[in-house]
């Protein structure tokens, strides 16, 4: 009884929100806003659920003495400290800001730098991994766009930054991006309808 | 009350019963009267009746006083078991009314065994009736006379009266067919051979005994017409007749010799045996059936297969053929001979023709018929093969019959063991006296035809296939392949190639060196861009249009990892805003956004001395993603109530007079994610009304958000470090963009060169590797 | 209510009708789709993972359920359900990482229901569905140990990703494990195209359910996508022509 009821509620609320979007000014629109407001509250609480899930996973890792459990111990310690400290002194406290500036931002910036190296390495090995026309076009396009992005120390290459790059970026790149986005939108639509109609419920026992 | 043991199952039965109450076998064999058998027909009962009369007579005679037993029979008995008198073997006189029963049962061939303990007729020697009394039927007497005249030969012609009759022909044909069955391989009719005959144990007699017996047979059996086709294959019909259900067969009443094998139907070859030959041929044709399982070669040369054991002891009948002869099947054609009592009564010998015991030697020493002697020779040659030894066929016997040409696939499937005749389990080197029945005390009486040596070990018919060498090699190869599949192979952990690690370190090192050197040395070698994108100018114009103390919503929706780029991109814009004196309201849909915003203002805009609560306010984190944006756009005062430091948000100075999204003078979105920008554009754009929206984005999202600028949904767009540099250039206030410009340009150049060189190298390597054959590394 | 809203509503209702019709239509032959090598290899690699007792790792991205990337997350959940059923016989259960708390809760529910369906309910453990970070890079950084240290041989990166997908693919390549990756964001798709042998571009992400035989609705959904794509092509080309000739 519980499963069909939950499915019916989900379908009803989804239909209301969808119709409320297309029918502004109606009662459905107001109900939709209220339901969205509830969803926002749930999302905020879900952040706490995520933090608790993160905590429990690493505690179990420490308990089972799995590989890398030392790092889990540091994670748990830092999590507890920042959480408790932030609750006590607020997120705007100097200490919290110091932690953020000294730990979070450098770590993520470093990851971004690693990503830059990784992408360059991937470009180098692209043709070795997959030698076809599209791969060559991909690499050539990336190279030309990079060339036209910024002037060189020795000067700017004529027509490269003023003509070629804008033409590539504004025409084929944007067109391709739009096509991909349209396809993604179609997929989003059909997936959403599938969830809305209750025909696809991967969660929940069947 | 005395009981009668069933000759078939051996269980005791009441004396008065005619049939066994357990297996319905005939208990009291019907003795035919001593008169020629006159088989009326094979189908009808006429021949049966006459045979029954004969047998009744035989039985009656068998029930007479033992004193009437011929001397020769008595002598035989004494040889086998002196302690056993004829009394043990005295059969009861068969009642006339019961003649038909046992005869019928004999005809069915399923009742009687060789070892019939209480058979009414027992013999002390094969082919010799021991207890038929002294009065022999006339036909048997005639047979004896004939045999005395001529060597025993298979009956072909010159039979007595009974043979001339059609019924006799049928009987003869049955006998001949039965004889043929012993000769034939698997093709012979098992159905034609009496069951008792098949079950009779093979008796191995000595050569001397055989000779004696053969001689005795010769003397007692009437002369048989000779067969011109004296084929060694032919076993004496007398053997069959003599052992045919144990009923002694008299000359004239029996076909004298077996007909030729099925391949060579007997023909009337003698002048006096023409009728006999016809009879025999008829018998042969009628009773010809499938040969037994063994190949024909075995039986081709084993002429002694046709000669029963009891006769072979006299006439060197090859017992090996008896082994391979087919089992007599239960169903047999109606033949009066088949209804003969189960106790393998040898051929009846008239009293007056009975040989004295002293005449046994004389009997055996008499000249043996050709067929009998040739069979004996074969028997000697093939006598007693070694255990497990492969019996080779005498070459001379191979010549008589052409072995069947089997197809290759049949030959391949032919079990090898089937070719090898079975070796008897035991050597019957001595006569085993009968213990029960009319032949009690006698030994060597019961014929052990080819189908009677039940003591032989059944042929181990194997199921081996004959495979060629090539097939064996293929099978071995397949087996090896299958075995290798199941063998566990050690999985070696593949290690990262050294070249990959070196390449990564090389790329990282080059970038680090290039960017680091240019940053720390603060070199200025890269000229600024000569032109700036129009969307940057549009953004500048939007901000120029703002007035002091105008509330501006500033959204920080980028990740800490991209703070380097977006801090540089947003710095001149926010600087311009602060120069205009607007009140800033900070908001973020990312949990780290509020802290990033505070850090940004402190790091890049410290010169403007903006104070929280006075010139700017931080609303903190807006949960819900797109829904949160929509919620805020619809009702900002309800979406965010407090500031990041817990103060009432909408009563502060920066937010005075602000109740709706449209109350803000402008909306500045700083994001690194195109989707976030789209969310703000799509959800909040409609609620801004006339308020402009400017976006500061990362370079990676510019192509995706540029259409919104082109569609006038966004009024200004500053993307990446290039946009920041351009904004600083047109604003005349250098900032982070200007600081990072040379490092950015040099680093970008280094990356381009690495990609170019590496790409070309990869292209070359890939082309070369495609030309070369692939090498399996795993 | 303007004509844009009306058009959109009609479009949605039409799509719903086609989807329902195709879902309920019992065909004699299943529809034929073009071959996508990545999904073909996935089937084989999962079998190998089950045989050698290694683990399957699924990463569902960092999108919230209230954002537009939630569709990619639901598509990933459908694939995760199917994989969970397939790997229920494996020695090591699969793990799923995500950058959103609500998504992590759904992954746990997917695992639990899949194991119950397969009759292996005792194999479920809540830690198999986990949140590794609340920001994109922290989420990627938290997923790297799971890919390195938990005997993972198959990595499925399906969902809403950003540029941090490059870190995940690089780690998977270092571990010589199989990678199937698809994202709804263009930067991530560009990175995946450069990093993978068989990348999935565009709406191939939403075809995952149909290619792993997750059910008739998935197949019908893919067919609706194909139909609507052709409708869009006609509309775009027609609009361009009309605009060119001046009628629009």
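Letters A, B and C mark the chains in the order given here, with residues in each chain numbered from 1 onward.
Going forward, a contact is a pair of C-beta atoms (placed from the backbone, for glycine too) under 8 Å apart; a residue touches a chain by one contact, two chains touch by 3 or more.
Keep in mind the model is a prediction, meaning the values are calculated, not measured.
In this assembly, the chain whose C-alpha centre lies farthest from chain B is A.
Nearest to the common centre of all protein CA atoms is the CA centroid of chain B. Top contact pair of chains, counted by C-beta pairs, is A-C.
Rounded to a whole number, the gap between the C-alpha centres of chain B and chain C is 45 angstrom.
Note: centroid distance chain A to chain B, computed from Cα atoms, is 58 Å.
With centres set at the average Cα position, the gap from chain A to chain C is 14 Å. Looking at chain C, residues 64, 66, 68, 134-135, 137, 163, 186 sit in touch with two or more other chains. Shared interface positions of chain B, i.e. residues touching 2 or more other chains, are given as 559-561, 591-592, 624-625, 627-628, 703-704.
Counting partners per residue, chain A has 39-40, 43, 47, 108, 111-112, 121, 123, 126, 177, 181 as the residues that reach two or more other chains.
Across the complex, chain B is touched by residues 33, 36-37, 39-41, 43-44, 47, 90-92, 96-97, 100-101, 104-105, 108-109, 111-112, 116-117, 120-121, 123-128, 131, 136, 139, 142-143, 146-147, 149-153, 155-156, 161-162, 169-170, 173-174, 177-178, 181 of chain A. Interface residues of chain A, counted against chain C in their complex, comprise 18-19, 21-25, 39-40, 42-43, 46-51, 53-54, 56-57, 60, 66-68, 71, 107-108, 111-112, 114-115, 118-119, 121-123, 126, 129-130, 138, 177, 179-184, 186-195, 197, 199-200, 202-206.
Residues 491, 494, 496, 559-561, 590-592, 624-628, 673-675, 678-679, 700-701, 703-704 of chain B touch chain C in their complex. Residue ranges on chain C touching chain B, taken from their complex, read 52, 64, 66-69, 134-137, 160, 162-163, 174, 176, 185-187.
Note for the complex: chain C touches chain A at residues 1, 5-6, 8-9, 12, 15-16, 19-20, 23, 64-66, 68, 71-72, 74-75, 77-78, 80-81, 100-102, 104-106, 109-110, 112-113, 116-117, 126-127, 130-135, 137-138, 140-142, 145, 149, 163-164, 166-167, 170, 184, 186, 189, 191, 193-195, 197, 201-203, 205-207, 209, 214-215, 217-218, 221-222, 224-225, 228-229, 232.
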